[in-house]
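Report on the following structure.
Chain IDs A, B, C and D follow the sequence of writing; residue 1 opens each chain.
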Amino acid sequence: MDKKIIQLICPDQKGIISKLTSILYKTNHNILSIQQHIDKEKEKFYIRVSVDLKSEINFPEKELFDLNRNLNGEMYLFDSNEKINVAILGTKESEPIYDLLIKNKSSELKCNFPIIISNHINLSAVAKQFNVDFYKTENDKQLLEILEKNNIDLVVLARYMQIIPDYIVKLYKNNIINIHHGFLPAFKGSKPYHQAYNKGVKLVGATAHYVTSELDEGPIICQDTVQINHKHSINNIIQLGREIEKNVLYKAVKSHLDYKVIVHDNKTIIFD
Amino acid sequence: MDKKIIQLICPDQKGIISKLTSILYKTNHNILSIQQHIDKEKEKFYIRVSVDLKSEINFPEKELFDLNRNLNGEMYLFDSNEKINVAILGTKESEPIYDLLIKNKSSELKCNFPIIISNHINLSAVAKQFNVDFYKTENDKQLLEILEKNNIDLVVLARYMQIIPDYIVKLYKNNIINIHHGFLPAFKGSKPYHQAYNKGVKLVGATAHYVTSELDEGPIICQDTVQINHKHSINNIIQLGREIEKNVLYKAVKSHLDYKVIVHDNKTIIFD
Amino acid sequence: MDKKIIQLICPDQKGIISKLTSILYKTNHNILSIQQHIDKEKEKFYIRVSVDLKSEINFPEKELFDLNRNLNGEMYLFDSNEKINVAILGTKESEPIYDLLIKNKSSELKCNFPIIISNHINLSAVAKQFNVDFYKTENDKQLLEILEKNNIDLVVLARYMQIIPDYIVKLYKNNIINIHHGFLPAFKGSKPYHQAYNKGVKLVGATAHYVTSELDEGPIICQDTVQINHKHSINNIIQLGREIEKNVLYKAVKSHLDYKVIVHDNKTIIFD
Amino acid sequence: MDKKIIQLICPDQKGIISKLTSILYKTNHNILSIQQHIDKEKEKFYIRVSVDLKSEINFPEKELFDLNRNLNGEMYLFDSNEKINVAILGTKESEPIYDLLIKNKSSELKCNFPIIISNHINLSAVAKQFNVDFYKTENDKQLLEILEKNNIDLVVLARYMQIIPDYIVKLYKNNIINIHHGFLPAFKGSKPYHQAYNKGVKLVGATAHYVTSELDEGPIICQDTVQINHKHSINNIIQLGREIEKNVLYKAVKSHLDYKVIVHDNKTIIFD
């Protein structure tokens, strides 16, 4: 089904929903779902509306943007039918990459995965299995060139053990998703499972977040944990964590692709 | 904060949200939250709107009920400040009852618990600890008298091992919540943990549901499960299950008290 | 590390552990782990001992089997280094099969997956991607021939929508693992997600079990559930369930390959 | 059933299980359960054996301690029938305290809870409901006097917002359990839920640990987490966290009372 997704962020005030929905009603559009959130502290209003485009008479873009201006808001319109281009960056770990590609194949993730980029050659085999172009590079400039040449909209760091330079982070603001194999903010930086093992914690976790200039500090999209105990060696923990990592990454990418994420300040609203 | 809760069920059609919210906007009311659901198969629309009553000029009841008539719907209005009267019925198990009373004391559950009714004397001690009136009866007619005398709105069966007669079920339609200590529809009837143990399942669960004429078949509000293994004796399973039972019952009662449950056919919509 | 795994089942009696471990100690063997269980009702004793074979002087097989005879038990010896041959049978669903193959590739599952057998041609692409032989057949006799020709030890039904005939079930007793996409014993038979949806349950689950002559009634190895709600369509439930299915199947296969499963009557002991 | 629990920690070496179990077999004792763990890095061996005392001929204490000496180990013997004395310390929160008292009443927690100590008067009502002596004090010396006068073996800090002075911590080494309402090592110190809210994490957790001289750094016994999202206010998070806190504290206390915890270095082994 072809759908239009409206995301709107504005100062909280009376009448927003009424005004927004009456524009849609007057132009004969059917609302499929509506989800809103009010941040009382910040006095901010957030809404996501999904609209049926079956009856595509004329989507009232102008009226909506006029309303947005009156509300002093930020508005984004997305078309559910347009598949965006997603680049996967990895190092050696293949499981989260396999998971994304398999879910794309079975249409659970609706996007294009045209390229895998890595600083190692290992992942070329995975790329080949799924007919995805593979690029090996450790060079920032080359990385950016590849992303631009392939019209990449979203970058997914699937256990990519390199730092993305700041100028690329800024170009792809809120469009780079990283999976960190630790339950942030605990265990930042490298070898979080080793940190967890040494600390004797009874849970390990993973965190999918947007990448910002500050390492492992970007807005969190999804997190999960799994119970461990004294019987688990570091290797067992890595295996258990791998499951969590890929589930969390998948959910984060799915929320992003469904336009269910709104980033505000350094936090996220994830509509379900 | 004083809130008005609107629940509306009607055939799916264009403009419902626009019409409803414009009534609220025109009468200067602020929407705190809006949650809707469309059942595409049945072509039914469900909505729950929570409205700030700070500015209680005049809540537009008439306009809303007029709209409801035009939409061919069913509408319910609730006032978040009015505490309803809840009767707890139990037999011997005290944990789920303690949980409800403690959460009421700490204001997590906003209602009155004026009475505990039981077919055994055991629970009188619990009632006494929390200054709740206790009634011992096994007689249907007496049960109904007690409920009516105490103006009971909601009946909670907290491991009450008796059948509620059909005429009482009908009087309290969608207002009797039962906790069944099994993962329905598996393990209906008596001794579900024994059934689960003998079957060798690796999970046991609990189910909170509204009571209907058919035993353990009413609309499900909340369910959860917990892992078990060969090390667990029947007694261990009963203990583990007890935790699930009380959590599930608490969540179901809370959803009911927050007017977040809509029952349709034999299923529930639980807004979150 | 090369390990010997001892599984012993016998009537409960004094001195079993002492006798068993003294045989190992006298022959200079190091115990890596020991796990036992007593079923008090049935007065049965179950033990799994894992022994380091570094110092392979002479594993005391004869002494152990003599002890087993004295204890009136059943004993099994396994070698952790010998990889068994596992056949995957599927129909159209590819995700649980991908998961097994990927985990085999990364050495999380230590076995050989020489063949995929299906009644449909769809899965041949998956087989090709992972260099596994593919057989298409709907014929029982041919199925058995393929299994025997490839020296198959374990058969995994990864959403295989066909019934395995009884004579094959008996040949591979406790060596056929099926994943059922329902929380058994609820929702036996076909279309369990549709059954769950229509019933309005708040959880769906999956069950991995050994196949016996009775449909969906064999000893359960692993089960798990996931929360659903009114927002989930049948398709959403199928997607959510798919995750649970493959995790549960993977865990069951892993327990089997690690010789951590003991089947007794129609129940399992799963050492962890 | 009367049971003897043996805990033994010693350098890893061949024959430990054989020697230990043969002492029990020769004195005609029946082993109910045996659980061991090997820490390969530290080359340490840990074992917990539970022995049936039905046939109390003469428990071979001397032989066991002789063995312990030969193994260069640390050994502890516990009697499952002796109830230890547990003091509960709290401040204002009553839910985790209620939970311990209720579970004691229903015999899920087998110990004595003779006293509640608090720096506030609030909890005296809880103490009264369950016939427990209540002490109000903010004075260290008085605190220690109360503990000693009541022969307290284990101190449970159930959301006690005070620091226990170092000399008391040392006197009760590995016998003071604290519940921290954060997922340690993230969110140490005060107001962890506020820290979590501000950080925008998608999970909050709780940690039960033994108290050491370093704040929130003692060996972890049990942890758990619960999903949160943007809809949860600080108050909602506190309510959700409260459930996790009390479950985690209960499990930690239960493991301790069942002699299933071994502390080594700054980590725990929790047998199940």
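As a working rule, a contact is a pair of C-beta atoms (placed from the backbone, for glycine too) under 8 Å apart; a residue touches a chain by one contact, two chains touch by 3 or more.
Source: prediction; values computed, not measured.
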| item | value |
| --- | --- |
| Contact-pair overlap exceeding half with A-C, pair selected from B-C, B-D or A-B | B-D |
| Pair joined by the larger number of C-beta contacts - A-D, C-D | A-D |
| Averaged-CA centre spacing for the pair chain D and chain A, given as whole angstrom | 41 |
| Whole-Å separation of chain centres (CA-atom averages), chain C against chain D | 36 |
| Two or more partner chains touched - positions in chain B | 231, 272 |
| Footprint of chain C on chain D - complex, ascending | 14-15, 17-19, 21-22, 24-25, 28-36, 38 |
| Touching residues (chain side chain B, partner chain D) in the complex | 94-95, 98, 102, 105-106, 108, 129-130, 231, 239, 243, 247, 272 |
| Sites on chain B touched by chain C in the complex | 37, 40, 183-187, 199-203, 205, 219-225, 227, 229-231, 233, 266-270, 272 |
